[in-house]
Each structure stands twice: as C-alpha cells, then as structure tokens.
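After the structure tokens below, expect a handful of questions from me.
We call the chains A, B and C, going by the order they appear; numbering starts again at 1 in every chain.
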Amino acid sequence: MRLRITGLQVRFGERRVVDLAELAIAEAEIVGLAGESGSGKSMTTLAVLGLAHTVGARVDGSVRLDGAELTGLSQREMREVRGRRIAAIFQSPALAFSPVFRVGSVVHRALRLHGMTRTEAAAAAQRAMRQVLLPPALLDRYPSQLSGGQLQRVAIALALALRAEVLLADEPTSALDVTVQAEVLELLRDLRDREGMSVLFISHDLAVVAELCDRVAIMQDGRIVEQGPTSRVVTAPASSYTAELLAAVPRLGAGGGR
Amino acid sequence: MIVYVARRVALAVLVVAGVIVLTFVIAHLVPGDPAATWAGPRASAAQVAAARRYLGLDRPAAIQLLSYFGGILTGNWGVSIHTHRPVLSDLAAVAPASLELVTAAMIIALVVAVPLGLISARWPGRAGDQAIRAGSILGVSMPIFWLALILQLVFAQRLRLLPVAGEYSPGLLFTHPLTRVTGFGLIDAPLTGNWPMFGSILGHMLLPAVVIAAYPAGLLTRMIRAQVLDTVGDAHIQMVRALGFGERAVFGRFAMKLAWNPVAAAVALVFAYSLVNTFLVEAIFDWPGLGSYATASITSLDTPAILGVTLFIALVYVAANLAVDIFQAAIDPRIRLR
Amino acid sequence: MIEAPSTLPTGGARLPRGQALRRGLAANPLLVAGGLLSALIVLMALLAPLLAPFPGDAGSATHPFLVLRPPSAQHWFGTDNVGRDVYSRVLYGARISPLIAVVVLAISCAVGIPLGVAAGYFGGWLDEVIMRVTDIFLAFPPLLLALALAAVLPASITTVIIVIALTWWPWYTRLIRGQAASVAGRPYIDGCRALGISRRRIIFRHILPNSITPLIIQVSLDVGGVILTVSALSFLGLGAQDPTPDWGLMVAEGQNYFLTSWWVVTFPGIAILVTAFAFTLLGDGLRDLMDPKRIFLR
C-alpha cells in the first residue's frame, strides 16, 4: 500500500473530529471517502499534509507514505513532501487560486520550489496542461478569467507536473456542473491508469463516488463505519448508515471503478 | 466601467464645487473689514469705500461667489497679502518641495510597515505582535510638531549627525548652485549632474521625512496586519501551503500581494493627510514647502494664501480619492457592480 | 481616521459579558494597559488642584527669579520662561485637552447621529442631499479644514471646539448612515412597519441601538485623534492663549528656549503623546473585544 493511514485522530481542543482506524490506498487505485458534510473528511486531507495545526487542530496517529512515517517529520521535511509527493486539489477551484496571481505564475513557482530550473518548469507546465487537455496559453490568465472546470484541471495539471505519487482530491467536483464534472472524473481515471497515481477521492456525493472509485470508505462523525470494494459496498452495505446514505441517492449503481 | 468612472468623476466635480464654495464662506468669516485692511490703517472713509469697490466687495454675495468661482477656475486664486504675488504662483513654487518630502516619508513608512505588519500577522498574539501593535499605535498618537523638535535636538544639535534645518547646505548656493528645471530638487540635481547638491538635499530631508513618516508607518503597519490576517484562512493560502511553500513565502509573497490593493488605497489617502502634517513640521526644519508657506500665512493672517493652500490640498485629496476609487474598480469588478 | 468604516465590526457585535469578558481582557494586555492609563490620566486631571505643587502657576502667576530652571526636587519638570512650574501646568493641562475632546465628540455625535439616521432610514433625496454635503466636508483632510477655519476666526478654546466639531461630524454621519441604511433594509423592519409600529418607535427602539456599536468604538478611537488636533491648533497659536496651560501652547511657547532648556517642550509633549496613546489603545482594544472574528484570530 502506497499510503497507509492508521489510528489517525484529529482534535480541536477536546473535540475529536477525525478518528480513522485504518485507511490505505495502493498504487494506481482510487479510494473514495464518502460521508455527509461535516463528517471530518476535509480535516483528513489537512492532517495527512501535516497542515492541521494551521487551523488549530492537533493530530495523533500514523500516516505512512511508501513505508516512511510522515507524522513525526519537521515542517521543513514535510515541505518536501507537500506538492511533490502528495498533492491536493480543493473544492472551490475559483477560491483555491489566488486572485492576484496569474495561474501559470503559481504553477511555475511551485515547480521551481521543488527543484526544477526555469526551462524545466516551463516545459513541464506546458506538457501537463496538454495532458489535461487545456491550451498552455491559459496559464497566462488570471483565475477570474477561467471557468471552474478549467481551474480544477489546472490544479490537476500541477499535480501531474510535480509527478506526485498521491493525490488528495477534496470534493473536487462538488462546485462544478455535471458535464464538467464528467471531464474531471475522466482525468482522475487517466491519472490512475497512465501515471499510476494513488487518489483519495473525498466527496459527499455517493453517486459520483460509486461511479469513480475502486474502493470506498464511508465516514460518519469522523469514524469509518464501512470499507470495501465499491461494487460490494454499494450493492450489499454492511452498515445501516451506508444503507441510509444509499437510499438517499436519487440514482444508484453505475457500478464500481474500472 | 465607463459608467462607473463617469459617475465618480461627476461626483468629484460636485464635491470640488462644494469645496470652492466652502472656502469662499470661510474667506468671508474673517472678522473685520477686508477693505479697511487693504486700504490701510490711516485710510479715510472715502479711500476705504474705493477699496471696497476695487475689491468687488460691494456686489451682492451671489455675484461675488460666482466671480470667485470663475477666478479659481481660470487660475486666479487671489494675491497673497504677505508676498504680494499671485497665490497660485506661490503655490507652484512651494508645492514641489512638500511633495518631495511627503513622498520620501511614504517610502520610509512602507519600508517600515511591510515587514513589521507581516511579522505581526505571522505570529499574532505573541510578544512581538503586541510590541509592534503598541509601536504602531504610538506612531499614530504622536504629536508631530513635538517629535520634530525632539529629533532636531537629539540628532542635529546634540549628536550633530544630521543637518539642523534648510533644504541644503547654504554653502552650496555658491559652490554648486542648483538650476531648477522641474522645481523638484531631488529630480533637478541629478538631472543637471549636481551630485553634491543631491546629497545635501537628501541629508536635509531625512529628519523631516522621518517625522512625517510616523503616522503613515503606524497606520500602514496596522492595516497590513489586519489585511494579511484576514486572508490567512482563505482557501488559496491553504493551497499554497499544500504545494509546499514555507510560511515566509506564504505570508511575504502570497498573502502580502493580496494586501497591496487596500494598502495602495490607504497610501494615496494618507499622502494628502501628510501634506497637512507638513504644516507642523516644515517651519521647524526650515524646509521651504507648503507647510512653511502655510505657517507663515497663518501668522501674518494672509487669508488668500491660507485659503489657497487649503483649496490646493483639498483638491489633491479629492483627486487621490477619485484615483483610488477608479483603481480599485479596475482591479475588482465587484465594486463597479454594487 | 482614514481606516474608520471598513475595519469596524458590523452592528451585530456586542460587548461580551462575564466569563467571555474576562477571557477577552486576559487575551488583550494592550486594552488593559490602555484602560488603566486612561483612567490614571482622568484621575490626575480631576485631582490636579491637590496634586499640583504650585496651582497658581497654572494660571497667571509668574516668578521672575525662577525662570528656566532645570528639573529639580522642587520643580519636577523644571520651570518655563516666566518661572512657572511645568509639572503643575502639565497636570492642569490634563483638564483641558481631554475636556475639549469630550465636548467636540459630543457635538459631533449630536449632529452626526440624527443626520445619519435620517439619511439612512428615509433614503431618497434626503439621503442624497445629506451625503453630498457630508462628502464636501469630508473632502478636506481633518486637520486642514479646522486649520483654515481657526486661522480666520479669533484664537480661543471655543474656536477650537467649534472648528474641530465642524470637521468631525461628517465622519459620524457617514458611519451612522451606513449602519442605519443596512438595518432599515432588513426584513424585520418591514415587519415592524406592517404591524403598524410608529416610525418614531422603529427609529429609537430598533434602528438606533443596532447602529450604535461601531460608533462607540469609533468615538473611543477618535479621542486620541481629537487631542492631537487640539494640540496641533494650539501649537500654531490658534487655540488656547496664554496663560492657559494647554499642552500644545506650552510646546509652542517653549520652542525658542528648547536648545538650552529642553524640559519646557519635552514634558508637555510627552503628556500629549501619552494621553493620545492611552485613549487610542483603549479604543483599539475595545474594537478587538467587540469583534468576534478578531478574538478568534487573536
């Protein structure tokens, strides 16, 4: 397993928002983390990246990347991991990009931060943009000039250009239209198949999770109540909570991942 | 966008008209009879009456207002009682020195405010933040005229580190006289290759600029701290952290860049505000700008000159406000649509 | 002054009580310091007749044989150019500037609040007219208008009060108008009207209390600013006249002797600085206390 989370607990003071006993993602696999809003899904992303302290939360437990423990690392060491080995994309792409920077500027700076020269960075950015089917010229635009779908694809391109091993996708399609959503989901499948990326797909939309993910974990109040291959969980849920969630979905069962 | 600009400009014109009317009203608040003052203490009644006719003071108020208005618009801002020259040309002569001084003060203020504001925002609540906040409140609470005197005493007179007063060393008047091209000493000197003069002006400018910088530095530090703290929880800051950027880059490059818009607006406004503060500082340092002119006019009760300076600075302020409005609307489309 | 409206909390902010208040105070040493310092200054002003060793010096007493003495055990702050005890004069000066500030702010509120409420609640042409007039007054940086007016009027404390009040009221009008307009636009006000509640009741029981909080904060922040403006006008000779122990006037009078007798200028100036500082700290801390967002961010 490329990414293995064990006994992860995230606390705000006395309140525990995340209590993950076990969650793992293999190479070339998309694992879904599904649950209602407020169940602690987004905090998991921050915790894995070692950024929980920025919102005032405390983290205990273990996160292993390729066997190496991340939770004890210093901030400087974690900065090597962030972006480069574990990338993240967020819910509102329009808000995730700073409005006063050109999109390409952020991409370029991030690439140079992780060791590329100016020419290497430019080349990698262009290549990645084409991979996500966007004209590289869009890099010169400001976020306000791009659509939500385009911005999300730029974010994915960034993860590609950095050659990240793991992608944490926190509600990446929740703010997009259904048609654009489908394109982004297709891209994520590409990442898994062509780049062998491990993707953690976090969403409250069980239908999308069912359509995209190979395996799925259901979260309730910070705890995982059920885990397993998507086809099994969706058709024969072991937990009553999962059954409730499934019942609430208007259209079911387009099947599991591949 | 055009509509927005047009509306703001129309509003500004209206305000300027109101400002001119207000200065007219102030001019007529002067107790005593201007005609009598003009004619002199030993004038006869007939001479005073003649003076009144000459000055146009026998016409109805509305006519006087209109003619005053027309005068302002055509460049007739009255004649200074003290210098006997047209007020407008007096202003043209003294304004550059003050504009230079305030610009220098704003640069100093920014050089201080940006790092301190960022440090304060990065470690909020800690000792450093409390100290910086106390310091910036000290800056905005400073009696400028007192600070000027103290600094002059300490640095110029006691320590002899800096010049006491004046725009440049008097000796240079003979050895390296300055040819005025634009009126701005710091531009004219390098333009004519007069480097000794350039250095001298810079040295003489330092103390008054530091004094004037106190208020803007305090204000901008607090503003930068507030703006940066405001954005620190935003999604794009988290994204940048998730990309592996260290806190120094997160604050110094990304959060700060967002703060520049409101900060630039504040700089424009506090620039005009600082022009007024020169009134309290220039006389002490013998800096030949608007402030010295204004102080001298106040002492000699030179009403046309006082009002001329007032009108000038008010116009600068209105222009600065207008520029800020348009600039912000250009950057942020939401403002125009409101 | 310049940062006024945008950085203030909205009308919904309230002063925390009890435990929240105690926690807020603990987290805000600057507020506590400002509050204590301000209280101290007010106390000294009130007790000036008791604390001053030479109360007469704050008036028209002169002592030709004690001219320009440096600080000593007898005269803590030394003596000025006519032999008066600087310490006593500084103490009595504490009665002048803050008092002027209070009067000025009271007048500004008395004018600004009704105008602001009228503009915000009634809207329409009344709003336009009031706001345009306000804009014209606001076109002048604060000190400038006061200066222009004071320069043409006879110099006295009354003049200073009038001219500063004339420059200050527009800020409050604009502030209250914004608050009143936003409160008046809320659905529950329509509900009140539909219920037949009188306009007067709506204004006094609903609009006014909900608009007041930012004003209170702004006023406390402005005390320091007004004190500085007062002392600036006095320094230029446009305010209190000799022998009134106004701090700004004392600095101006001591200017010529500054080189050799530093104490005549230094102590009154420190008094201005400390007073403005204390009240601004207090106002700043109050703002922090009342803004829920800021408490969280600390």
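The rule is simple: contacts are C-beta pairs under 8 Å (C-beta built on N, C-alpha and C of every residue); 3 or more make two chains touch, one makes a residue touch a chain.
Every value quoted in this text rests on a predicted model; they were computed, and no experiment measured them.
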Reference chain B; chain at largest CA-centroid distance: A
Contact-richer chain pair [A-B vs B-C]: B-C
Euclidean distance of C-alpha centroids - chain A vs chain B, Å: 52
Rounded Å distance, chain B centre to chain C centre (Cα mean): 23
Contacts with two or more other chains, residues of chain C listed in rising order: none
For the chain A and chain B complex, residues of the former touching the latter: 46, 49, 51, 54-55, 75-76, 79-84, 87-88, 90-92, 95-101, 106, 109-110, 113-114, 144, 155, 158
Chain B contact footprint on chain C (complex, rising order): 1-3, 6-7, 27, 29-30, 132-133, 135-137, 139-145, 147-149, 151-154, 224, 228, 231-232, 235-238, 248, 251, 255, 258-259, 262, 265-266, 268-269, 272-273, 276-277, 280-281, 284, 297-298
Sites on chain B touched by chain C in the complex: 11, 14-16, 18-19, 21-23, 26-27, 29-31, 124-125, 130, 133-134, 137-138, 140-147, 149-150, 153, 157, 219, 222-223, 226, 229, 232, 262, 266, 269-270, 272-273, 275-277, 279-280, 284, 294-295, 297-299, 301, 303, 306-307, 310, 313-314, 317-318, 321
Residues on chain B engaged by chain A in the complex (per definition of touch): 233-246, 254, 257-258, 260-261, 333
